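Here chain A shows up in two complexes: once beside chain B, once beside chain C.
Then we have the complex of A and B:
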């Protein structure tokens, strides 16, 4: 795969506050990459630096082997779908989408075809003459996407584009965006604070916090093998339990010994054990290695979410079977569901 | 959403007492003949309409409209760049100081400011020290300068407000789609500040067209504007009937202009 964008040693601060701290990242051609993190982690600033709307204090942005750090946004082959769409209210749908093409002095015939093509891609055919303020949020979203892709950019930047949509619509749009990206062979750089969105859409997920990359990898890697407490907590729900690696793929926690798959620990090294709520098996008490008292339960539709008190620590587990509050239940965990993290890994969660 | 329910009737009462009833009274007076301020022998008459046929009145209307329209356009040409520059100032304190600089003169009496111009426009003025001798009194230019200097803030503020509340993301979107600064101004900033331009034009044109003190001081009796005529009919010759007719026609002209501007406003393009 070819590197399309390289961010080298990017540093940026506002009013003495460091937003991005010596940030390095490369983005491949045709990749769907998602920057995810809590608000204030620097993800939007990073996107704005790629788009050219913010200068860097230090570092370089390289696009297609050319340094574009100082290039104005209008000279970059990059288009943006803005957070609140930023459609021009004085223009109708057609003129909004044709805005970029007209600046490039394409002839009207070609513009007409391209506008129709892009509207069809976002399932809004026959909306050409609509006023912007007569569109729903979801439709405005589609127009914003059409307005960007009609210019056939090499990179499309998307700044929390689905944030304002309701759940059902958001899920549909996630799917459609993914399809669009596959069809158009455009690199998508997607910014979101929604970890679920990040996991379900991306080829690559970049988890950010405090202006630094916490972990970068495929959605599966990020979810199954979080590198540190922050990632484990931020991406999905986790139970993080202090434990000790005994060597020989054995780990001890909650006064019991479990088999595991991790090996990169020394004998008797302390570690953090990460277990996802859905990875616990509820078993009868005789076979259980961990026992807990149910303190709370919430019905979530597909499963129950139980809060357990295990040796005065709170566990969250997902199970298909109901349990009474106050009752004691037994748990077990399979070896491949246990993930071990180094204790000294960053604790900025 | 409860406040409008209280405000709206109050506003309506206000409008009826101070606008609607006086307007009806003026229409009534325009069709009446009285003996000066003696209303005891008031009777229906079209005599005012005969009088208005005199070309002197047509000229007064024309003068008023041309001069105040020129002043409005001049205010726009001067005021728009100023508003744009002010809105670009990032430092709040500096921006407020500049805004106050444009408000401050409005605290002094308009008449004093006009008389200041009047002195400067005479051949013998303090400007002689600089070797400059102006002889502008009685020229249209003097009146236009007077109007522009008096009403410029009314142009700057609505435009400034319109530009200021413009969503920064729209400007970024324009750059993003490949527009340079000039294209962004022409295709995004200017069209979206049109409402400010329209209200600026209204707020300069209306008082300019109806002002009587300003032309009286600066025209040297050379140029008669409608405001002067209405003023002298009400204040000097006490011909309320004719004064009312002049006012009603002026109000009608202004009303039609406003409808035109509001209509254009909704379309959101052109006029300028």
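Then we have the complex of A and C:
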């Protein structure tokens, strides 16, 4: 795989507040990469730096082996889908999409074909003559995407493009965007604060907080093996339990000894044990290694979400079977469901 | 019943108070007499006299030229000022808006006298240029005020989107920002034009060397016996003009709504 964009030592601050702190990242060709993090973590600023809308205080942006740090946005082979679409209200759908091509002085025949092609890609054929303010939010979203991809950029930047859509529409668009990316072979850099969106769409997920990368990896890596407390809490729900590594793939927590799969710990080293709510097995009390009292219960459709009190610590577990509030239930965890984190990677969340 | 009648009476009297002066001016423009208190018969000669009374005709031309120039200059300046204000950081905006609104709230007499003092300190010779400058001065804040809300409605990323699609800075302003705030600019221009055409007090203090617009011309002739009723004729034309414009706009906007519904 070829590195298409490299961000080297990017530092950026606004009003003496550091937004990005010595940030390094590379993005491969044809990759669907997602920057995810809480608001204010610097993900949008990073996207704007790649797009050329913000200058960096320090550091370099390299595109296709060329330093483009000082290049104006109109000279970059990058297009952007903005958060609130930023469609031009005085132009209709056709003219909005043709806007970039006309600036490049393509002939009208070619423009016509390309506009039709891009409208078909976003399933909006026959909408050419519509006014922008007569489109729904979802349709405006599609026009914004068509307006960007019609220029056939090498990279498409998407700044929380689905944030304003309702849940069903958002799920459809997630799927369509993913399909579009495969079809067009364009690198997508996607910014979101929605961890579910990040997991379901991306090849690579970059979890950010306070202007720094917390973890980079495939969605599976990020979910199953979070590097620190921040990632474990931000991506999905987690039970984080203090424990002690005993050596020999054995870990002790809640006064019980469990088998695990991690090995890169010293004997008797303290660690944080991460267990996802859905990874607990509810078992008979006599076989259980952990016992807890049910304090609360929420029906979620597919499963029940139970809050348990285990030795005065709150656990969240997902289970298909109902349980009475106040009753005691037994839990067990399989070795491959237990993930250990270093305690010194403590990142308060 | 009584109260209904008295209510409609109040309405009729109110409307009469509003319209009688206008109607009187119209009537006088057809009066074949120099004196406003006697009616000698119907004539159109005052309409002709607009063109034959040289000083009146010049004053009218001056009014329109000043208004046109003031409109063009203040609209251009106001647009750029509004663009700059919208780019300011949030904490500076109230201060700048205050500075913009101050001249609007100021009494014309204060504006007029202070401009007169400044022009004489700077050693300008009073005449058409000082009057134009003064008109630009009091029109520009109105233009800024009518454009800013449009800029506020504009998507925060509209400029970035234009740059993203290949516009230079200048192209982005011309092709995206200006068309998007077009209505605000037109409104501002119209306000500037009417403000300038209407103005008397500021014009009075900032003109000189024989240059007068319509309002200062009337003032200079008010107490003479030779007051030319052609001024009534010109006023009647202006009234008719605005009336027709209003009717046209009303008919058009209703038609526009019907199309939208379909």
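A few notes on this one:
Just so we're on the same page, the second predicted complex is superposed on the first by the 347 of 349 C-alpha atoms of A that agree within 3 Å, B and C clash if a C-alpha of one lies under 4 Å from a C-alpha of the other, contacts with A are read in each partner's own complex, and residues count from 1 in each chain.
The definition used in the following text is that contacts are C-beta pairs under 8 Å (C-beta built on N, C-alpha and C of every residue); 3 or more make two chains touch, one makes a residue touch a chain.
These numbers were taken from a predicted model, which means no experiment stands behind them.
The superposed arrangement places chain B and chain C in clashing positions on chain A. Once the two complexes are overlaid on the shared chain, A:74 sits against chain B and chain C alike. Residue contacts after overlaying the shared chain place A:100 against chain B and chain C alike.
Of the two partner chains placed by the overlay, chain B and chain C both lie in contact with A:82. Of the two partner chains placed around the shared chain by superposition, neither chain B nor chain C is touched by A:161. When the two complexes are laid over each other on chain A, chain A has residues 51-53, 72-74, 78-80, 82-84, 86-90, 99-100, 103-104, 147-148, 151 in contact with both chain B and chain C. Remark: chain B residues 167, 169-170, 172-180, 183, 187-188, 191-192, 268-269 touch chain A in the complex.
On the side of chain A, the complex with chain B involves touching residues 51-53, 72-74, 78-80, 82-84, 86-90, 99-100, 103-104, 147-148, 151. By the touch rule above, chain A contacts chain C in their complex via residues 48, 51-53, 72-74, 78-80, 82-91, 99-100, 103-104, 147-148, 151.
Only residues 155-158, 160-168, 171, 175-176, 179-180, 182 of chain C touch chain A when the two sit together in their complex.
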